[in-house]
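A, B, C and D are the chain letters, set down in written order, and residue numbers restart from 1 in every chain.
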Amino acid sequence: MISFTCDYNEGVHPDILNKLIETNLEQMPGYGDDRFTVSAIEKIRRATACPEADVFLLVGGTQTNATVIDAVIPHYAAVIAASTGHIAVHESGAVELGGHKVITLPQHDGKMRAEDLKDYMSRFYADASWAHMAHPEMVYLSFPSEYGTIYSRRELEAIRDVCKEYELTLFVDGARLGYGLASPEADLDLPALAQLCDVFYIGGTKVGALCGEAVVFPRGNAPKHMFTIVKQHGALMAKGRLLGIQFDTLFTDDLYMRISHYAIDRAMELQEMFRDKNIPLFIQSPTNQQFPVLTAEQMNKLEGKVAYEVWDRFEDGRAVTRFATSWATPEKNIKELSKIL
Amino acid sequence: MISFTCDYNEGVHPDILNKLIETNLEQMPGYGDDRFTVSAIEKIRRATACPEADVFLLVGGTQTNATVIDAVIPHYAAVIAASTGHIAVHESGAVELGGHKVITLPQHDGKMRAEDLKDYMSRFYADASWAHMAHPEMVYLSFPSEYGTIYSRRELEAIRDVCKEYELTLFVDGARLGYGLASPEADLDLPALAQLCDVFYIGGTKVGALCGEAVVFPRGNAPKHMFTIVKQHGALMAKGRLLGIQFDTLFTDDLYMRISHYAIDRAMELQEMFRDKNIPLFIQSPTNQQFPVLTAEQMNKLEGKVAYEVWDRFEDGRAVTRFATSWATPEKNIKELSKIL
Amino acid sequence: MISFTCDYNEGVHPDILNKLIETNLEQMPGYGDDRFTVSAIEKIRRATACPEADVFLLVGGTQTNATVIDAVIPHYAAVIAASTGHIAVHESGAVELGGHKVITLPQHDGKMRAEDLKDYMSRFYADASWAHMAHPEMVYLSFPSEYGTIYSRRELEAIRDVCKEYELTLFVDGARLGYGLASPEADLDLPALAQLCDVFYIGGTKVGALCGEAVVFPRGNAPKHMFTIVKQHGALMAKGRLLGIQFDTLFTDDLYMRISHYAIDRAMELQEMFRDKNIPLFIQSPTNQQFPVLTAEQMNKLEGKVAYEVWDRFEDGRAVTRFATSWATPEKNIKELSKIL
Amino acid sequence: MISFTCDYNEGVHPDILNKLIETNLEQMPGYGDDRFTVSAIEKIRRATACPEADVFLLVGGTQTNATVIDAVIPHYAAVIAASTGHIAVHESGAVELGGHKVITLPQHDGKMRAEDLKDYMSRFYADASWAHMAHPEMVYLSFPSEYGTIYSRRELEAIRDVCKEYELTLFVDGARLGYGLASPEADLDLPALAQLCDVFYIGGTKVGALCGEAVVFPRGNAPKHMFTIVKQHGALMAKGRLLGIQFDTLFTDDLYMRISHYAIDRAMELQEMFRDKNIPLFIQSPTNQQFPVLTAEQMNKLEGKVAYEVWDRFEDGRAVTRFATSWATPEKNIKELSKIL
C-alpha cells in the first residue's frame, strides 16, 4: 500500500540519519549548548539574512505555537487567527490553556485577509465597551495555510501594515514553511518572510526531520528570558543535539529548500494528474497538500491500495480528500496512483 | 577529554539507533498509532506487571511533570515535594505555570520523609484557616532523588499510607528510574513500584534514549481525556514512531534494566575509587550520580582532562562535585580518572 | 435627565439599605460565617425548592462565571456558549485566562438552540481528529440572554437533554435572573430552573443589590473544595455580611421576585409605548431590556433629556438602542419619555 | 460578648454609611465612571503626593494581590515574599493560579530583610543553572506585615535598592496600611511610601470600608491595559459607586488616617494593659494587632466574654493569641477586658 496520508508519516531524511549515526558516540553538552545547535543557529541566521536573529529550537508545532504566543504577548492578551487556523481548531485549546483567547476571522481558502483584520480592529476600537473585551495583541498566520494555500508578498505586506497600525505582533506558523516557499506561486523567500514578520518558525517535523521547529526572532527581538520560558513550557530538549544535528543538516547545502522543492514537484504532478482525469480540486493549493474531490467509485478503486485522508463527505457519496507529498514521496507512487484511478 | 558531566550528554543506545536506521524508510501513522508505540506500551505493561496500565509516551522530563500534575489534580490543587525536588527547583516554575502551588517539605539526602508528610497534613487540617490555604492533593517524589538516593520499599509504603489517609495522589518522577532500580540498595522492582504509586514515569532521555518519558497509570487510572491533555500541553509528538521505537527497543530483552545495571556498576567503581583515595562523598548515593568533595589540588589535576559538574564551593577551596555515569560510560574512563587523581 | 442606560446605574433597594444601617455596629464573623449569610443560604434553598443545594455568595458577574467554570470543569476542558454569550464577548477573556476555550454556536436572538448544540457535538465526535480539539464539557446559557430573550421550559429541556447525552454540565448565568423569571413569557420559576440545570446563579447586582451573585448547585453538587476555589479566584468577600445581608433581604417576603415584576411591568409599558409610536423593536424582548430602533430625529429629541445605550448605528442614521428598566425605574419616567418622543 | 477577633468583623464607618444613604437614589454610571470614583482617585493622588498616579479601586485583598502581580510581571515570572507573606500562606494559591511561583525568604517578625533578598538574588545569578529556575521579577511586602510589624524607612530603602539592582518590581500590600502608617514607630507617611515602591494598595476593607482596596501606581506606571486586566480578573465592580463613595469618604478630611490613629491608640492601650499584667507579647507589634501569650487560666477567664483568635498552642497550655483593634473598637472594651483578665 502506498500512502499520501500525511507529511509526518515518514522517517528522517537520510543525510540527517547519517549525521546522527556519525556523531552518536560523541559526548555533547545538553540544552542547546552542543556545537551542532550553535552551528544550526548560525546557518539559519545566514539563510534568513538576519545576522541578529534570536533562534530557538523547539520540539513540536503545537508546543511552539503555545510557547511563542505565551512568551510574546502579555498574559491578558488575545491572538487573532483565521477560523481554520491550527491554533483555533487542532491544538486542543493549547493557546487558551496559556490564558489567551483566540479570536477568529473568516478564512478564505484557509487564509486571513488584511481587510477583515483591519475591519475587526477598527470596529473593536469603535466599540464603546472595547476595554471589556479580550485585547488583541498578535496576529497568527500559517504559511502555507492549513488548506495548502500561501500568502503573496503583497498580501503579507498588507497584513503587516494593519499589524503596525494597531500594534499587533505578526507571528507566522511555518510548520510546512519549506513547502510554502518552494511553491511555484511563492513570491517570497526566507529573508523576505523574515523581514515581514516579528517572529516565525521553520518547521522541521514535516520537512525532513523527526521532530523540531526553529523559532526565529529576526531582529534579535526575543523576549529577554526566552530560554527560561521555553524550559517552563516543557519545550526545552535535554539532548539538544537531536535538534541541533537535524537543523544543522537541513541548513547545510540548502537541503531544506532542496527537499521542499522535490515535494512540491511531486505535488504538482499529482495536481496535473487529477486535472487530466477531470477530478475536481476542492481548493487550488500550490503546495504539498492537494484536495481532490473523489467519487465513491474512485474511492473504491483506491481501497486497500492507496492511503489518504478524508476531510469531508458530501451527501452524494463524494468526498473532499487530502493527498500530501513530502521529501520522501517516490515519483513512482504518483504513477502508481494514476494507474489505479 | 573524558566527561562525567551528565547522563544526557550521550547519544542514543546503538540498538535503538539500529532500529531507527532499519525502519527509517517505512511510512507509519503519527501521534502514537504506529506499531512500535503499540508494541512498546504492551511491553511496558508486561515489565510493570500491570496488564491494565494506561501508558503515554511524552518527550521530556519537565514537560512530563507539568503535564501529569496538571492532568491528575484539579486546577486549584497543590502538590507536595521535597525542597530539593526537581519541580520545586529546576523546572523554571513549570508546575506553577499550570496553576499549581508546589509546597515543599524538608529534604533528607534529597528524599521526603513519611513523618514530615504526615506532620504537614495533620497540621494543615488542624489549622482553622486551612480552607484559605492551597489545598494539597498530590505528592511528588523522584526515584532516584536529585541527590542520587533511593527510597526503600518500606519508606515508599509509609508515604503511600499517608497519601491514602489524606487522599493524595502519589506521583513518582522516574527520570533516572532504571539507575534507581538497578542500585545494589534497591529492594524494589518495576512491578513493586507500580503497585505503590498512582502514576509514575520511566525515564528514557537519561537511560539510553535520545528523548522520551513513558508515563504509566498502573491500574488503567489515567484521566479520561489524557490524549487531549497531552496534546494541549505540547507533549504529543507528531512522529510518535521516534518515541515508540525507542521504548520498544528499551523494553525488548530487558535492555532498559541491562544498561541501567551497567551504569550502576561503573558508578560503584567510581565510588570505590573515591573511597580508596580517601576522597569524601558528600552524599552516600547508591545510584549513577556520585558526589565527591574534591580539593582545589584535585580539581587542578582534572583540569582539561576530565569534565564534571561543580555543585557547591566551600570557602576553603574544596567543592562538592557530581560525577555521573550512564549506559555509555566506558570502563576505561574510570581507570583513566583514577590515574589522574 | 432621566436614564434608561443600564440596570446597574442604581443604588441599592431601600430594604437592604435599612438592614445595612440597622446592623452596622454589630460585629460579625467574616468570610460568610455571619448569621445573615447562613440565613440567606437557607432562604435560597427554600426559594429554589432545593433543600440540599450548595450556595455560595460571590461578588460580581464576570468573576462568578470565571470561577464557576474553572471550578466545575477540568483545566483542559472547553465551554460552549452562544456567539453573543457574555463570556464569549464582554468578559475580557476571563474564561480563557482560566485556561478554557469558549466554543461559540450561532445565536438566535441571543439564544443557543438545542439543535445547534446537538449538531456541534455529533459532528465533534464524528471528526476523526476530535481528540486534537478542545474538549467541550460545559454549556453556558444566560437567562435572560444578552438580548433580553428567555428560554422556554421546552427549550431548556431540549438543551438539558443534549447535555445529558454528551456529558456536558449545564450552567445558567442569571445575572438578570429575576427579570427573566418575572417576564410574562416565562413558563419557568426558580424551582423549575434549578431542576433543569447543574449550576446557576441568581444575580443580585442588577436586581436590587449593590453587588453579589448567589451561585446555586441545586443537588448539593458543588466541587468538594469550592470555598477554597472561590477564595483562590479572589471572589471571597472578607466582610461576607455585605453579601449575606443583601441576599437575606432579597429573599425575605419574596422581595427578589416582587422587584423583578415591578421592573418588567415598566419594561412592558416601554414596549407598548414604542409600539404605539410605531417605533420598531430590533428584538422582541420580553424582559427588562428593550431595543427600539430610533431615527436620528427621535434621538435628537432625547438629547440631554433621556440617557440610553446605542448598540449599533445604521448608515441611514437610525440606531439600535437599549432602554433598560429596573426595580428603581419610576413610573413617571416612562410617561416623561413618551412625552418627549 | 466583646470581640477583638479581627478588623474585618465590623460594619462600615458611619460617614461612609451616611454617604451611601444620601446618594442611594441617584443614578450613576458603572465601572468606575461615577463622580465619586473620579473624586476618590483625585484625593488619593493628593494624599500620596503623586499627581500622576494611576489608581484603580478593586474589591478585596487576595484579588488585588493576584491581579496586580499578574498584571505587572510577565506570565513566566516569579515573585519573592517573606515565608509568612499573605500571598505565600493564606491566599489558597491565588498567585500560582495566575502562573507565578512564590519564592519565599526567611521572615523576621513577619518581615523580609534586604540582606536576605540580596543574598538570594546574588546566589541566583551565581548558580550556573539559573535559567532553569523560576525567574524572580517582583518583591512582595506587606505593610504592616502579617505579624503587625512595620518596615522603617531605612529598611524599605534598602529593599528598594536591591530591587533596583536586580530589576525587581517592588509591590507593597497595604491591606492594613492605615494602621501601619499611624503606628508610633512609623517613620513613613503615604507620600514617602509611594516614592519607595512601584505599586502598592491602600486597604479599605480592614480600615473603615465594607470592601475595597485602592491600587496606586505612583508614577503613572500602570500597565497599558490595566482596566481590561482588572475586568478579566473578575475584580471590576459593576456598581463602582460602592467603591468610589467609600474611598472618596475615607480620603475626605483625612478620615482614613484619623480612624487609623484611633485604632492604634486602642492597640497601644491594649499593649500597655498586657504589660501591666505581665502578660508577655509574642511579637512586639506597633500596630493594631497584638499577640499576647495567654495562660490556660487567663483564657478560661475570657471564655464566653471576650472573643479573640488563637494562633498557636504550646504544650504547657499557653497560647499565642491575637487581639485586633480597629476604627470601631470602643474604648470601654479595653477597660472591660482589663477587668476580666
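The criterion applied here is as follows: a contact is a pair of C-beta atoms (placed from the backbone, for glycine too) under 8 Å apart; a residue touches a chain by one contact, two chains touch by 3 or more.
As the structure is a prediction and not an experimental result, all values here were calculated from the model.
Peer 1: Which chain pair is joined by more contacting C-beta pairs, B-D or A-B?
Peer 2: A-B
Peer 1: Give the label of the chain whose average Cα location is farthest from that of chain A.
Peer 2: Comparing chain centres, D lies farthest from chain A.
Peer 1: On a C-alpha centroid basis, what's the spacing between chain B and chain D, in Å?
Peer 2: For chain B versus chain D, the centre distance works out to 42 Å.
Peer 1: Could you tell me the distance, in whole angstrom, between the mean C-alpha positions of chain A and chain D?
Peer 2: Each chain reduced to its C-alpha mean, chain A and chain D end up 50 Å apart.
Peer 1: Averaged over CA atoms, how far is the centre of chain A from the centre of chain B? Could you give it in whole Å?
Peer 2: Centre separation, chain A to chain B: 33 Å.
Peer 1: What are the residues of chain A that contact at least two other chains?
Peer 2: 75-76, 91-93, 97-99, 131-135, 228-229, 231-232
Peer 1: Quick check on the complex: what are the chain B residues that touch chain D?
Peer 2: 75-76, 78, 89-93, 96-102, 129, 131-135, 310
Peer 1: Of all residues in chain A, which touch chain B in the complex?
Peer 2: 3, 5-6, 8-12, 14, 17, 20-21, 23-30, 59-64, 66-67, 91-94, 97, 205-206, 210-211, 228-229, 231-239, 241-242, 328
Peer 1: Would you mind writing out the residues of chain C in touch with chain B in their complex?
Peer 2: Those residues of chain C that touch chain B are 70-71, 74-77, 98-99, 131-135, 223, 225, 227-229, 231-232.
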